[in-house]
């Protein structure tokens, strides 16, 4: 009787389950198509089409390279003129109104970079059986280069014009026009910007 | 004559070669299926089925995410209630009885984490033409969170309740309930666990 | 009229566009075939065939593992007896005569290692709208082990016999027979090589 009940509940949920399944297959297939595939850049186009519907906002000229994963995209805002290159993870918090991730305009994100706006709360007695999360927004103000293999953690604002060197793990705010490097990332110098027309 | 001999030897080995080939194809295909694919979590199920047969032991509720690679799984023991997330490598030593990797219960392993229980012996004259290896077991006691992009090297024991921050490369033992961070990872603090029911 | 012009120009470029497309599909498909696939190591063979035609030079016994990306391969020279393992990126500069990457003989490159011979010039006013690059050659002299998750930046020469520990980001030259580690990588010790036959 109980089993029959569950069987009917499953039957009722088939259309939405099918939609879910198809959506996941699209994401998984699109994710692995080379970005510049052929002269028409099919990978970039398919992924822009896919993620534009999912993200909170999504600007123009956004190139999402291969194997980029956006988790909880409804909390991710992406400006214009952005490259998010291979193997990146951008993982917002699950709940709206907290832990949003905002990328301004004109940003290069190097391959293998991870941006998280939530963390496990590791003070809980059993971190896996009873997981708790803490969250705080992440903002990249724009005109940034986040070099390969970097990490940006919850609560961080990266000021406009700033740059992270390869492998930097950014755990605190970065002022404008600043180069940071290291684990955890520390300020290396202020960048003197030279106008190039 | 010699060629004929080799041809017949190849013929004899076709069934095992075919089994090897099919096994590799399964692994390669299963590895790239999104874990939560559809409401039935097809990726997680297929990979659990595949790796349960290969690993030395394999508990309940083990979620193997996309593109996780387990090398020499016969020397890898996995407890219950474990998440091994995207792009991780867990590479045990090839020989049984040395260089096992043991994961206890209740563990989160963040994406891009690599755990190795063997190393090249870099004191040999030519590291590639005549490779030699050193090996030592790795143990994660349980109730751990190994954050993204971490590394754990041969011989390390991570005590129960301990946590590695993003990008930590752990080269020596971590006591219980300890937060470590950095390259190489150093102790940041003892974690005060707060019971949450 | 203008549209018609463009339409005819597109028609004329179809054969080269098709060749480009097919080349990209081959690269994308070959890249994801497990290296040791079956007893004939199909992945290694297909990728050797593919990249040998593309690279400036390409020695014998070069094993290219899964998801290795070589950018601007016409500026990449690869010696003999090399393993470039999973998820590596080797990215040369686009222009010939500057920013070449040269790998000598007998080299292990661990998974997730990135080698770049060009950088964004971050002193330009807008790093993304008007990108400028700096470039300098990278040389690995040979008999090296670059452990997992390492990075090697433009202008670096790694001396023969030298080793980078897991997660090292190498930003300056490494003398011969030297172990380096850390972010940025620093010298740990000189390696005493022991002949083993």
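Residue numbering begins at 1 within each chain, and the chains themselves are lettered A, B and C in the order written.
FYI, a contact is a pair of C-beta atoms (placed from the backbone, for glycine too) under 8 Å apart; a residue touches a chain by one contact, two chains touch by 3 or more.
Small disclaimer: the values here were computed from a predicted structure and weren't measured.
Under the stated contact rule, the graph of chain-to-chain touches is complete, every pair of chains being in contact. Under half of the residue numbers found at the subunit B and subunit C interface occur in both copies, marking it as a different-residue contact. Spacing of subunit B relative to subunit C, judged by their CA centroids, is 25 angstrom.
The residues of subunit A that reach two or more other chains are 32, 87, 112, 149, 167, 183, listed in rising order. Interface residues of subunit B facing subunit C in the complex, by the touch rule stated above, are 13, 17, 20-21, 24-25, 27-28, 32, 69, 87, 89, 112, 114, 116, 120, 122-132, 149, 151, 153, 167, 169, 183-184. Interface residues of subunit A, counted against subunit C in their complex, comprise 32-34, 36-40, 81-83, 86-87, 105-108, 111-112, 143-145, 148-149, 161, 163, 165-168, 179, 181-183, 191-197.
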